[in-house]
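Chain IDs A, B, C and D follow the sequence of writing; residue 1 opens each chain.
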Amino acid sequence: MRMSKRIAGNSFTKKLLAGAAFGIGLTLAGQAGAVEIEYWQYIFDTRVKAMDQLIGKFQAANPDIKVKQTTFPYADYQTKVSAAVAAGNGPDVVQLFYGWLDGFVAAKLIQPLPKDVFPGAAIEADFFPIVSAMKRGEDYYGLPTAVRSLALFYNKKLLADAGLDPNTPPKTLDDLVTMAEKTVKRDGAGNITSEGFALDMAGQDHQWWREVLVRQFGGAPYAEGDRKVTYGDAAGAKALAFYTDLQLKQKVGQLGFMDEAQAAFKAGKATFTIDGTFRLGAFSAIKGFEWGVAELPANAQGVRSNYASYFANAITAKAEGEKKAAAAKFLAYLSSPEAMEVWLKVVGELPARRAVALTDANLANPIHGPFLAGLTNAHTTMFVDEAAQRQITMDMVNRVLLQGQSPADAVAAAATAEQALIDRVTKK
Amino acid sequence: MHEAPATPGTERRAGRLSDRLTLSAKRVLWAWLFLAVPVVFYGAIRFWPTAEAFWISFTDWNLLRPAQFVGLDNYRRLLADPLFWKVFANTFLYLILGTPVSLVLSFAIAYHLDRVRFLHGFLRALYFLPFLTTAVAMAWVWRYFFQPVPIGPINNLLASLGLPAQPFLRSTLQALPTILVPAVWAGMGFQIIIFLAGLRAIPTSYYEAARIDGLSERAILWRITLPLLKPTLVFLVVFASIGFLRIFDYVYNMNTNDPGGPLDSTKPLVIMIYQTAFKSYDVGYASAQTVVLFLILLAISLLQLRLMRQPT
Amino acid sequence: MTALSKARPGRVVAWTLLFLGGIVMVTPILFMFSTSLKDSSQVFDLRLVPAEPTLDNYRTILEDGRFLRWFLNSLFIAVLATVSNVFFDGLVGYTLAKFRFPGRRLVFLAILSTLMIPTEMLVIPWYLMASRFGWLDSYWGIVFPGLMTAFGTFLMRQFFETVPDDFLEAARIDGLNEFTIWWKVAMPLVTPALSALAIFTFLGNWTAFIWPLIVSTRAEMFTLPVGLSSFSVEQSVAWEMIMTGAAIATLPTLLVFLVLQRFIVRGVMLAGLKG
Amino acid sequence: MATIALEKLVKRYGPATIVQGIDLSVAEGEFVVLVGPSGCGKSTTLRMIAGLEDASEGVIRIDGRVVNQVEPKGRNIAMVFQNYAIYPHVTVAENIGFGLYTSKLPKAEKQARIQEVARSLGLEALLDRRPAQLSGGQRQRVAIGRAMVRNPSAFLFDEPLSNLDAQLRGQMRIEIKRLHQKLGATSVFVTHDQVEAMTMADRIVVMREGRILQIGAPMELYERPVDVFTARFIGSPTMNLLPGALASRDGADGVALEDGDAFVRPPIALVGNRAGGGGPKVLLGVRPHDLLLKAAPDSAAFTLSGTVAVVETLGTETLVHVDIGRRSVVGLAPGRIVPSPGQRVTLAADPAALHLFDAATERAFPRPLLQQP
């Protein structure tokens, strides 16, 4: 208690000092006193570039506001933001994963969006519904520029090599398995040298399993606003068995092959992988690499599902007065159709406003189309601790793959563990 | 008396100071003057944080919310946490596998290297080189080595020899020993050099006397070399043990996708501390883990003192 | 070679085994350099000597600019820590060895006792301290915990105890003040120990990982190991790039070693025996 | 040059008193040697004079000024140490120059001073060398040069020769002595070696257990030791001491020895009750060099007869260990006479050369100065 009081005290004195400095700055600089606000996001080449463009455009339109972009690696992003904001030297506008919202709100790192600039009704009318994950009570705490969904990436060359039509990706899970079996390559000793399907639980597969496979095998991952785990049943076990069989039975992929699924796919050593919009830039950058995107395969009954997520931008608790107004202005720009189009072009992520996203051109686009289609039946997991929940799913798969546990036992154990985690976090 | 006379002013001032202080008092003043900054440093950067760590371990602080005193809750939670016991077992596995393997290898190499004259310096350099590498860099090099086909050189070698590929880092059984390989590899250079120094310090007359008495080389090794090497051995055992108990860099970097290895099979205590503190912000719980680490290391250090005090 | 041919066969076998073992020891390092000279298409070609060696990877990495920055950060931090340790550990070790004053034993035991406190235990309070005082993401934040070490102090004390008092008293009679006696007379007398301390401190700070990982957030403030780690994660399986980064992190210490081999080995021996 | 005076000087380390209130005054230009076994407080005394240690009690004066709390540099003294204390990391010239470290002399003058000192010590050719390249004697000379360069008012020597081999030690003794004669500097020299004390000192101060036993010129100490300790400490080989008791025989007062039936009448005023044979116990001392092997001693001589046990031939003379009763005494065989072990011999001494000590107090009976025959 003593500790955080000190932090609070410290940040308070800092605020005082900053306020004083700001006052002095105003009187001295007079009309030239532009407000400077700081924006933080993690390092991801295309995102940083897109943001540079947006800041440039924003500053041109608002000469009295200066925006400084700070970036750092995704690893530990959340910790660093918390620590910096707690220490009083954090950003004014910060990017955060929607799943972190509760933590940020509880820690008073961010403040609700001002309702005059961001009326709730307008948000609900214009944005995709998954934006509601940013709503607590009557308040919205952030808005995304873009949203992301999952899709099936396929390597055209490997399909053609196996005598398959490179332009007909699998439509169902069964198709996926068959085509993966046809395209997998093994050496004399039986080691996989090129995967049919790249397994990677640490990547996007855990989302695919949780929100897509579980539903497609007749279950539901969660209930009660994602506070009750419900996948620990026969449907969950079937979904898990489908996934682990890819390695154990059909032997079309191997967890850890080339370290990561996206790496294997990028290296042309995997026919299929499931990944998100954010990977588009990285794959497009490779010369002579022919790949395509398809909507996630449906099950035999034609049931489809998807997982959508997004990084939202929020105003930190630190921004006050002039800075808060400037931050709100900047955030409004970041959520504008113009910003979304820039983002789509540069990063490849889908616009968060329905009207901007669902244009005919976008829907017909061979790459954006499947992602947009996925968005219509997407679910968004309300994580309490994204990393820990992913770890539980990874461990579940490992127990089956490495320790020979039955999928039913593994899925039951995972459900128990995840429920305990959720209970512990939400109780506090 | 060519000495330039001091000016009267300085003379008087010096006189007044010396009137008040004896020589030894001035010496004491100098000593504390020298120690002033370091004493503040050790107090603020070592002792205060240590006390703080103990204090935090009795709270439920998680960086984001105010801390509350919770007594021994964190320790109770630790004892009931299966992950802790897994991690505890892993940490000791690193210790009881790593220490003997690296010391036996290092001693065998040093023992023979000591007798080699031809290109001695060159051979020594080959063994010493890994000690100068950066653990993070080498963790990635070794991670590359242990990749499955088609990347990993070791598995490719196995495949070309017609041997079955090994999962290494992707196996709950093999992952921990796999991580130990680079850790042992990097530490050996230091141990070999220290062994060499210890061997050099044994007077040759002991060996000469033993040879005249007709002892075999093996008997000389067991009856003379090893007993006389005891201080070196104790030092290295403790040094290596503490190193393995605190292993972090290799584990962190060799398993970034699934930190701590598949099903936590490689996770040592320090990784758990790091994750609890800096990934989950569970600072109170993490502090309790550091207290446990402290107690383990303390036990090892005390053991060292006892071994050192025993007469050879 | 005559020396070899005269030797007993057992010795020749031992030598050969030692030689092969030594080659195995440096293979990872050689492989790292070799892979760093290959382009992505040759990475899986396991020949030690690249078919078409290229410096492109180095060029790419250095053009990126981050590595240069990390390199300079590491260098600055390691040098700062080394200078500080040589100065303060030397000063404290000297005072504890050569002065008699009330509290001497207490100070000595207190400093010695910090050897038993693992840094892992301190990183959390250090982190809080750094965040409280705004030291996160600064050179000072990375370097402050290591400005003095109990190990170095203890090492220096051991060495200063072997310096005869006569040396210091002669200087005292010559009218040098206590600070000058330490700096001009005592310190030069323990040069081998100082170089051992310097080598250890530099290496320790050059390769340090966990604390810089925790305390630095912005890429500009990373040290080489932290930068390399995040770079490698980001590159995922661009092994030739990862190996190049690793090579850049390893190269400086190896080069210094090649130049100062005898010196460094002696320093390690000294520190190991006295420490 | 300076005078040094110590008044009731005491040094305590915790409960132990190392120096127990000594008084000593050293005259200008005098060469005083403090001698005694290790732990007698001689080095501590010297270090208190130098200002390296505080005096627990008492006063130290240099040239009449009380310097108890003056830093060493304020006392204008120089000191030469046992380990030379010359620094391995700087050259000979710089080592010598260290003595001028705090002086405000111009550089050129410092150089001139170093050159001058080097010349007087024969070190000119070595000025650019490092100490590691010097022999032991050369190093010692550098240490002396470093002390000389400041023209101090007094030199203090703390066992400066004990690290040298025997031959070099003899040589350096002479060199220091000669230097002292040339510079005439007040010097205090500490040693545990009585030969050094005898050969170099103007005055010797014999110390034991923190106290001064005797102060005097070398020959005075040799001839008139005030107690058993000094008598045995000064002179080599050590003085023979034979236990006995004061007695009267044939109406004459004398000493009856415990061994043999020798009765001797030394020319010493014998005080005390010597009724019968049970008088006070005494120790009769005779230096080996006064106890000569003689075939036919004259009747006045003090004689002892016994069997030769061991013979030490030294070339110029031969020391003969003779068993007399349960004791062994050392005598001298003059010239080239070498007796063989087992031989019965008679040793004789001039009664005037005898010393007599009270066995209980170990104090000497007052003894007249030996008259030269």
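Going forward, a residue touches a chain if its C-beta (ideal position, glycine included) is under 8 Å from a C-beta of that chain, and two chains touch if they have at least 3 such contacts.
Molecules present, by chain and UniProt name: B = Sugar ABC transporter permease; C = sn-glycerol-3-phosphate transport system permease protein UgpE; D = sn-glycerol-3-phosphate ABC transporter ATP-binding protein UgpC.
Bear in mind that the values here come from a model prediction, so they are computed numbers and not experimental data.
Path length between chain A and chain B in the chain contact graph, taken as the least number of steps between touching chains: 1. Pairs C-D and A-C differ in how many C-beta pairs touch across them, and the larger number is found at C-D. For the pair chain A and chain D, the distance between mean C-alpha positions equals 94 Å.
Between the Cα centres of chain B and chain D there is a gap of 57 Å.
In whole angstrom, the spacing between the mean C-alpha positions of chain A and chain C is 40.
In chain A, the residues that reach two or more other chains under the touch definition are 3, 76, 83, 86, 258-260.
Among the residues of chain D, those touching two or more other chains are numbered 51-52, 71, 103, 150. Residues of chain B found to touch two or more other chains are 24, 56, 150-151, 278. Of all possible chain pairings, those that touch are A-B, A-C, B-C, B-D, C-D. Touching chain C in their complex are the following residues of chain D: 47, 50-52, 71-73, 77-79, 81-85, 87-90, 98-99, 101-103, 143, 146, 150, 158.
By the touch rule above, chain D contacts chain B in their complex via residues 51-54, 68-71, 74, 76, 103-105, 113, 150-151, 153. Looking at the complex, you find that chain B touches chain A at residues 56, 59-69, 147-151, 155, 159, 162-165, 167, 169-172, 257-258, 262-264, 278-281. If you check the complex, the residues on chain C that touch chain A are 127-128, 131-132, 134, 136, 217-219, 230, 233-234, 236-237. Here chain A touches chain C in the complex through residues 3, 6-7, 10, 43, 70-73, 75-76, 80, 83-84, 86-87, 89, 258-260, 262-264, 266-267, going by the rule given at the top.
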